[in-house]
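Questions regarding the structure given below will be posed in turn.
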C-alpha cells in the first residue's frame, strides 16, 4: 500500500475559496455569485479583490441560477455558491432549463454536501445531489477529496467550457494530494494499485478508503484504490480495467446509495462486466444532527465499513 | 407467450382522472390541487363533483407542494397535479423537506412524463423524475402502464398512508390490464413467465415489452416479462427470482438510463446476483419536439430496441 | 396535560364576541383576561432566553441571534395568545397551531414548547446532539411533540401554514394558524407565491409574523438585498398589515390579540414585527454576527448575567 | 446580414441625446425617425399573425393565443425598437437583446426572427416537427439564430435577462436587454426574487414587458389566481412602471421608445402591456380557450381571411 501522509487538515471549501481567487486572477471573465452564504463558501478573498465581479443575490437560489445563466451570455464565467442542497434540489428545474439544456458555462459550486455538514441536520444534509446532477445531460459532476484537489479543480473548471457541478464540504480533513497538481476533468486518479479488490471512492471518502487500504494491507489484502473525483463523465475505462483485474468492487460515497456513484458503477459493470459490488453509502435515509464523525459512524461511512465491505465482496467473488 | 389484447386505447392520465374521482367518492378527506393544468390532468370530473375540495393554485408549483403538506396536517389526503417536470425537479426541495422528510401524506401526481409528451419538446419532457423521486427516503414511486392500472393505482394510493409519486402520461395507448384489478403497491406484476431472459418494464414501456415478447417468441426466445409499476420500494424478490432463472435482464423505461429503474436493478443485482443487463432507456440526452411515436423511435425506446437488447444480453450471457 | 386558552373556548359565536372584545382591548391599549400578566410573560421570556444561550452553548452551534429576538413573541404566543393544548395531536383540530418557517431559530421554538409543557425541559440539553429529538432544525421525523412540519430550508413555511389554514376551513374548525418567517427569508420566491395566493383565496384564519430584524447571514438586509417597505409590498398583495414591536411584551401581546380580532374578515393578516437580533444579550444585539455562532464559556456567563432565571434552568 | 438600428448607433452620448429625443417624441405622441411607418409595421404584424396560425396548424399543436396577442409587440421590437443585427452572435455585445420567458408563445418569436432575417422563413414550416431547430419551446440546443436561452418552464426568463443586463454593465456595453413574460407566469415565485433584486441592484438597462392578457390555461387570471394591481406590486418593489396597449401599434412603439428613454436612470422598467389573447383572429380573441390548441383546416382558412398577407407566406 502506497503511503499517504498529511501535515495539516483543511476543509475542501477553503480549497474552493483559494481556487476561486486564483481563477479570478487568471481570467477577468470569472465572476462569483452567492445566496447569503459568503463566509460558508469562503468567497471573501475573491470579493475583496474583485468587488465589482461579485453578485450578492440574497436568499434566492433560483434567481441566482438564472442570473448566472444570463451572465454567461455576455461572456462571463459565473461561479455560484451556496450549500449543496440549495445548489441542486432547490433549483433543479432552473439548472435543467437555463443551464444544462441551454448549455451555459455556469459553475455550480456547492459546499456543506453530505452528512459531514453536521449539526444543522437533515434539511441541510443533502445525500442526493450527485444523483440529481448526474442525470442532467451535458453536466459535468465533480466531488473532490481534499483541499488541494478542490483548489485545482476550481481552477480547472474555470478553463473548461460547459456547465459543471462542483461538490465540496464543510469539515477539516487531511490534505494529502499534491499541492501543485493539475486537475484533469474526467480522469480517475489511481491512488493505489492492487490486485484483490477495487475500491472506488469520491469526496471525503477517499481518505477513508486510504485508511481502509492500510488496514486491509495488514490483513494481507491488496486493494486497488481509485479516486473518482469526476462522477460524470465517468472514467469507465479506469474502472473496467481495474475490475477486470480484481473481479470485485466497493464504491464509497457520502451520498444515498440510490442514484449516486455506486449506481453509476453498477450500471457500467452490468453492461460490460457483471461483478460483485458492495456499497458504502447511506442506506436510503435522511441524516440528522450530530458531529461529522458521529454521523459518519452512525450511517456506516467509516473506515471500518469499507474494510467490512471489502471482506464481504471478496467472499462473494470467491477470493 | 401469454396473449394480451386490447379493444381500446386510452391515456393513462385519464385513468388518473377516473381514479381520483372514485377515491374522492370513497373518502371525503381526499382533496385535489392543481397548478393551472386542470384539463391536462383530467381533474374536471373531480372538480365538478367536489368543488370545495379542489384548490386551484395557479402557476406556483412550490406553493402547491407546501399547501398540500399543510392540508395533510388537518387530516386531508391531497393529490397534487401538474406535469411531471413541474411535479419533481421544479419542487424537489419542497417535496424533500415539507413532504418526504416530514412524512406527509401527499400524493404527487404527474402527467406528461417522458418523451411521449411529444411536441412541447425537451423543457417539458422530463426523463429524470423517477431518479429524482427514488432518492427521497420514504417516498413511494409508481409508474403505471395503462388506463386501468393507473386508475387502480390512484385509488390504492389514497388508501395508503405516506408520500407517493405517481407518474403517468399523455398519449393514448392500449388498455390491456384488468379493469377490476386491485393495485398492490410494491408488488411486481408477472406479465409473462419465461425462461430465457427477464424483461423488466415500467410505464408506457410495458406494452412495448409485450410486443417484444411476441416477436421474441417467434424467434424462439421465451421471455419472462415483469411489470415493475412500483419502482420504490422495488420488488427485489420478484426480480431476483426471475434473473436467477433466466440469467440476464433487460430494463425498459421512458427515462434517462442514468438514475432510473435500470440503475436500481443494476444495483440490486450487483449486490446479490451480478448478471448481464441491457438498458432500453434514453441515452443521457434531452428529448425534442416530435410525435410520441417518432420520439420513441429516435431515442431508442421502441419494440425493436427491446428485441435487440434481449438478443444482445442473451449473447452476453452465453445463451 | 396542560391546557392554555387565552380567553373562552373558541366556538364561532363566542369567537365573534371575543373578537370585538379583543379589538376594544386593543384600542384601550389594555389587553385583558390574560392568564399571565405582562410581567409574568417577561419573566418567562427571560428564561426562554437563558435556555437559548445555554442550548447553543451546549452544542457549540446553532442560531442565537434570531432566537433571542423572537423570545418575547414566542412567549406571548405559547403562554398567552394561542388556544392550544400540550397534549399534542398532529392534526391540531380545534386548537390554534403554529409553524416556524425560519427553522434555524429552533432554540426559541424548543424552549417555548418545553416551557409550556410539550416535553420535559431537561430534553433541551440534547439540542443538536446525536439521536436527539431536538434536531438542528425542527422536524417531525423524530416525533417531538409540538412540531408539525420540518423547516430549515427557508421559504416553505408560509405555504404549509396556508394549507393547514385551508384544512381548518374544510373541517369547520374556527381556530387560527400562526406562522413566523424571517425577513431575509422573504427573499425566497415561494413566499411570494403564497403571499399572492392567500388573499385571493380568503385565507383569513392565518396570522403571519415577520421577524423584521433587518439582519441576515451576510449582513444587514438593506445591504444584502433590501426589502424596502414590506408594508407596501404586503398591502399591494392584498394583506391586512399591522405593525408591532416584538421586543416590547405589552406591544406584542396587544398586537397579537388585535391580529386575532382581525381573523375571519376575508384577509390574511401580516404582523410586521420589529425586533432586535440578539435581543436581551447586550453584546449580541443588533448585529448579524450572532446570526449563527455559539457563545464560548465566558460569553455564556456574560449572557446569563443579563437574564434572570425565573423557571429554573434545565 | 441585415442590420436594424432604430435611431443612431448606440454610444453613450448619442444615446443620451437620443433618450431625450425619444422622450419628446413620446410626449408629442409622434414617434419619429422610424425605418418603418406605423402602417408598415402593422402590415408586418399581420404577416406574423399569418405565420403563427399557419405554424400551429401545420403541426396541430402549439400556442396561438398568446402568440397572436404579442404579434404587434414583437414586430415593434424587432423591426423598430431594438438595435440589433441578424448576424447572430450569442454574446450580443453592442446590441440590444431580447429574451422570451413565456416560451410557449414561440411561434411569434420564430416568425419575428425569420421575418427580420435571422433565418429563412421557409424554416417556419418545420415548427415542432422532428429534427427541427424550431422546437416547441425556444432553445439554444439546436442553434437557431436569435435564441439565447431555452424557455418553456415558466418563471425563469426575468432572472436570465437580469444576468445578461449585468453582464452588459460589466462589459461597459450600453445597449438594452428586453424580456417578455406572461401575466399568469408572474404567479411563479422566481419572478418575485428577480423583481426584488433588479431595482436594488440598479439594473436599469432592462425593460421587462408583461403580456397582460388576463388569461392563462385554466381560465381568466382573475378567476385562477388574480394578480390584482400589477402596477402597485411592481411599484412597491421599486420598478418604474409604464403602461401600454400592446395591440395598438402606435401606442406600443411609442411606449417602447419611451421605455428606452428611461433606461440608465437607476431603475428597471416595467412595461405593463395590455393585450387581447388571440388578437387578430376574431373567434380566438379574448378567451383562454385558444391558449394552446391548434386550428383545424376550416379555422385556419377563417383566420387567414382576416389577416392580409404582406411579406408572402412561407
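Structure notes:
Chains: A, B, C and D, in written order; residue numbering restarts at 1 for each.
Following the convention adopted for this analysis, a contact is a pair of C-beta atoms (placed from the backbone, for glycine too) under 8 Å apart; a residue touches a chain by one contact, two chains touch by 3 or more.
Every value quoted in this text rests on a predicted model; they were computed, and no experiment measured them.
Between the contact lists of chain C and chain D, the overlap consists of A, B.
Chain centres here are Cα means. That of chain B falls 41 Å from that of chain C. Centre-to-centre spacing of chain A and chain B amounts to 30 Å, using the average Cα coordinate of each chain. Per-chain CA centroids place chain A at a distance of 38 Å from chain C.
Looking at chain B, one finds that residues 57-58, 60, 62-63, 85-86, 90, 93, 96-97, 101, 122-123, 286 touch two or more other chains.
Counting only residues that touch two or more partner chains, chain C has 139, 141, 150-153, 155, 187-190, 193, 196-197, 225.
Viewed as a contact network, the protein chains are fully connected, with every chain touching every other.
The touching residues of chain C, counted against chain A in their complex, run 59, 61-62, 103, 128-132, 134-137, 139, 141-142, 150-155, 184-185, 187-189, 216-218, 224-225. Residues 90-93, 97, 139-141, 148-153, 155-168, 170-171, 173, 189-190, 193-194, 196-197, 201 of chain D are the ones that touch chain A when the two sit in their complex.
Across the complex, chain A meets chain B through its residues 85-86, 88-90, 92-93, 96-97, 101, 122-123, 127-128, 131-132, 134-137, 232, 256-259, 262-267, 269-271, 274-279, 284-286.
Interface residues of chain A, counted against chain C in their complex, comprise 34, 36-40, 56-60, 62-63, 85-86, 90, 118-124, 286, 288-291, 294-295, 298. Against chain D, in their complex, chain C makes its touches with residues 187-193, 196-197, 200, 225-229, 232-233, 235-238.
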